[in-house]
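Paired with chain B in one complex and with chain C in the other, chain A is shared by the two complexes that follow.
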Partner chain A sequence: MNGLRIEQIEKKYMTAETGQKESFALEPIDLAIHEGEFVSLLGPSGCGKTTLLKLTAGLLQPDAGKIRFGNIDITLIPPESRRFSMVFQEPLLFPHMTIGDNVSFGLKMQKVAKKERQFEATRMLEMVGLAGYEGRFPEELSGGQQQRAALARALVAKPRVLLMDEPFSALDPGLREDMRELLSGIQRELEVTVLFVTHDREEAFEISDRIGIMSDGRLLQVGTPTELYEQPASTKVASFLGLKNIIKGNIRAGHFASEDSGIEFHTGKPIIDGKHFLILRPEVLRPITSSSKPQNDSVHLKGKVSKLKFKQGSYIAQILAGNQQLECTLSREEAEELEPAQAIELYVNQTDLQFVEH
Partner chain B sequence: MKQVFSPLKIILSLLLFLFIGIPFIALLLSSVATGWQWPVLFPESYSFRAWEYVLFGSSRTWQSIGTSLLIAVIVTVINVLLAVPAANALVRFQFKGKWFAEAILFAPIIIPPFVAVMGIHLTFLRLGLTETILGVVLAHLSPTLPYMVRAVMISYNTLSVDWENQARMLGAGPFLRFYYVVLPHLLPGIAAGASLSILISLSQYLITFIIGSGQVVTLPILLFPFISGGDPAVASAYSLLFAGMAILALLAMDAVLKKYYQTKNPSVLKVKGVKR
Partner chain C sequence: MWQKSKPYLLLLPATGAIVLLFFGGLFDGMLKSLGYFPAIGERQLHLTAYTELLSSDSFWESLSLTLRVAAISSLLAGILGGMLAIALFMMNQSTKAKESRLWQRLFQLPLTIPHLVAGYVIVLLFMQSGLFSKLLATVGIIDQITDFPVLVNDPFGWGIILAYTWKEVPFVLLMVYPVLARIRDSWRDVSRVYGAGNLSFIREIALPIMMPSWIIAVFIVFVFTFSAFEIPFLLGVTYPSMLPVYSFQLYTSGTLADRPEALAVNIILALMTIVLGLIAYYFSKRWNVTKGWQ
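Up next, the complex of A and B:
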């Protein structure tokens, strides 16, 4: 019931500051987040994801649209009264306060008694792995510890929604992974509703219940990580998700032909005629070997190996089929049988074929 | 840490002493000399006549020190109250005529105070503000405010809005945000501006003289007639008293600030510079 709903939110920007009339528009966006859900907004920088987050926080006022929490319209409620919480890219710990005072700041604003504040702060610091740091000052902590303290500070007042604006992007890669795990664990334990902004695909896929893909001020698709990966709604989503093999072509009477006519096959299932993109995920392309048994209706492709790359435990083969460069993931055994410039036959199961309309 | 005495350091310290120390020695000697004339290097006879006159002879000395300090403190407090919102607006907002507002604010640094004071004097005459401490305080604002605004602006420049947004997201309203987040950050700038404001206000002669019309007696008002032709011994004694008053005022302010910092943030004294 206490979900967050973003309804037809719009925002136009005029940056007259530099004299240029460079404008940016966030087109009407709808997004519903359930209680306790972890939703990420994923998109390249400048796509409007941070703007959408700040609109949700109330730090920016929308030009049109509503933000609801539960059944209450909170669009006009100032951010300090929303009981939302936010973690920014920088830890932003107040430098003149101890970690303990920093963490309990939100409770102090709610006029909670000092004893209880201290108790809650200690408990939260333990949760993020900073037990015993209450008396230290922010500058005595490392970057990762500071961000942990910032997370504790955001969570201590039991926010209705936790907003996070690329909180781990300033950290080292190893540390980033630790933080993701920590956040995931805490989020599940406290059942906080989280709206998380990131440009890091891997990060979004690892920790989110659902992901919203954004580009140029628009929300392109919202879905669970698997949904997005297996059924991207458009090539833009597919390419942003790092899907490599996107082939332009036509479908006529259940027959797909790539534009350069290098790849042709029967689709097997009824699909409306017209221009389509065929998306082949690297792992659905399987080499035909003596041991593999392709299903009868599977699609076969012929090509030549142009490159083999080793990638932590598996191989990536680049294969030239017709005029198309395809990428395909191979196991070590499969790859060992191959050599560059060798001819190869691949198959794809019918169920793994994905078509996206033009 | 080992103290290193390099020749350069010794020479520099010596120069510093010569430039700052020697005038004081001369003042000190001149204040206790009777008939100290060229070409003798040191006075031939000494007396404490000047000091007796300055410290005990006229009760006006202590009164004038009190008036000087009172005016300086009020001026500085008003400056802080005016400069913080002004600096906030000048740094954070883009508005029409901003350059003009800035030009007016900083004009007193460039334009000699006498020019403005003539006009102010006329206006204050009509308003009945001349010969009052309030009038002098108001007139002192114009040469001191620019420095305060400048100093606070620099502090504001280094304060990202993110800090206030962060406090906002933790539930802090406008007043609490200012008290817990903005003010601690501005404090060094306010301290710098306040020192300048106090020193400039203490050393005002012309403005105090014109607006106060001789009725508001600050230490410079007592001091000047003796310098410009009266008694060099008394002038020297007053000058030393003036220097002492200014130094004590700054030390007092420093002590108050340090105490504030110690209660608010012991680490500032330990670790300098704030990592962001």
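Up next, the complex of A and C:
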């Protein structure tokens, strides 16, 4: 298997003034990326995503750990010999070269004959929607076109792994969406292995096979978008994924009680006693109406509607249950039956209850 | 009206002085080179000075020496200055940014030294009785100081070439390094990821980017060495002498009759500088060297 394996990689940065105090540390990280897989590293700014990407590219040397491609240890191999490609936050095209020369740069470094280079560059530019731009200079292209050219430059060299460092973050939202679709299509077509860094949840969920959530130099959880969303391993992961209803409480003898005792129910499944967080995704909280059919073992919650907000095709209701403010997603029909300050009863199916240890 | 013309009026004294001294001098020199010399009763315009000059062997030998010295010194200064700029740039790109700044200051030192002093430094170091010959004789590499090659006041002009190379390398560095400093650190990362080692990076990125300013720097050095006086006067031989010295020799030969020829040499030097400038401009436009790197 020609996958990429990151094994116990560590990197520490010291403060510039003294050189002794640790300013940032990437904790030992393990990550395996299969051949042709699209993996994203998702996390807030400064969490170590780019450092991990640069370590993978060879632009930084780790303090400990190994990086393997297939069975080969490439930790000490310089970036110029790894045959990886990288797309950066900015296009970083060379201004003195035409788009054609920029795109074929990697092939030139691989000593590919000029005719073949030109042919491949033209083909790749067509693929990214820039046919006929070979003779132009970067300054003659818009930001989005430049980033497309940078993508073509990365793909034309037939990289073993394509590394992408927030490549669409500088583009406007519409263009960003187009680029995601373009990248997704090309990645599937060329079956290239991608390690993608982003702080945009929507972006990561839309294009990735798997996502690694990072925070403070640690890789918190790796999984498919559905796994991460439905079974976050910690409250940190859950809150980074935008999950709102995280309720602190205790489980004793199969009974959950929130700290303010406003929410109490039988868990219905064996869970070790102790302090836990209950995570309720907004869409699993359903209002009990004449047409709703809760399962027999579903958990019922009582509350009061505090606010109703319209949000792109659906409604978000804020409900006060005990002292907990819960958020739930409603359809238009469901929302039309409600108004602020109205009492509401909600239910959650047992299978949708997610507990995370304190 | 006053508001509009005020800046021009304020500039008038400085502009007037420049126009009077530069163009006035040039115009007076041109008139005298064409034989208009009221001091000796000559008031007619003719090309005698130019025809005599162009038919004399001394002029052609001087021109050949001037071209050779200017070409070799500007090329050497260009190559060394370019190499130093790239070395400093690569040093700056690595972890040795502090050392790079120190070396840069050191290399700029010769800029502060006047050309005449530079000439004397070359005399003291490279004459047969200079420091280097004595050192080589002391350590036994040469038997006696007369075995040391004649590098000062030599007919080929090595002394002049050495002085100009030493003096102009920092100038080329000063012209080229700021352009290289504009290269973004991330371009180095990009090029490395796509397979470029240090040499490929220099060949593909650094050299093409510095080339336009390098060409301009070398051209300035060439034009300067082509028409400069003090170093060729100090380090050259009496015959053949470089054109500016030749002009001075003619001008101070003791007879007023030689002065039109002396001034004709200067006019020819000025014309050649203009022609060289136009050639450099034509090629820089033709190669489109600054395209994409504004």
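Keep in mind that, in the parts below, the second predicted complex is superposed on the first by the 352 of 358 C-alpha atoms of A that agree within 3 Å, B and C clash if a C-alpha of one lies under 4 Å from a C-alpha of the other, contacts with A are read in each partner's own complex, and residues count from 1 in each chain.
Simple rule for what comes next: contacts are C-beta pairs under 8 Å (C-beta built on N, C-alpha and C of every residue); 3 or more make two chains touch, one makes a residue touch a chain.
Because the structure is predicted, anything quoted here is derived from the model rather than measured.
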| item | value |
| --- | --- |
| When chain B and chain C are modelled together on chain A, clash or fit | clash |
| First, second, both or neither for A:Y13, with chain B first and chain C second | neither |
| Touching partner for A:F24 - first (chain B), second (chain C), both, neither | neither |
| Partner chain(s) touched by A:L92 [first = chain B, second = chain C, both, neither] | both |
| Which of chain B and chain C A:F119 touches, first, second, both or neither | neither |
| First, second, both or neither for A:F355, with chain B first and chain C second | neither |
| Which superposed partner A:R153 touches (first chain B, second chain C, both, neither) | both |
| Contact residues of chain A, present in both the chain B and the chain C interface | 57, 59, 78-81, 83-86, 88, 90, 92, 94-97, 105-106, 109-110, 137-139, 153, 157, 163 |
| List of chain B residues in touch with chain A within their complex | 94, 162-163, 165-173, 176, 180-181, 184, 264-265, 267-268, 271, 274-276 |
| Interface residues, chain A side, partner chain B - complex | 17, 57, 59, 78-81, 83-86, 88, 90, 92, 94-97, 105-106, 109-110, 137-140, 153-154, 157, 163 |
| For the chain A and chain C complex, residues of the former touching the latter | 54, 57-59, 78-86, 88, 90, 92, 94-98, 105-106, 108-110, 137-139, 153, 157, 163 |
| Chain C - residues contacting chain A, complex | 184, 186-187, 189-197, 200, 204-205, 208-209, 291-294 |
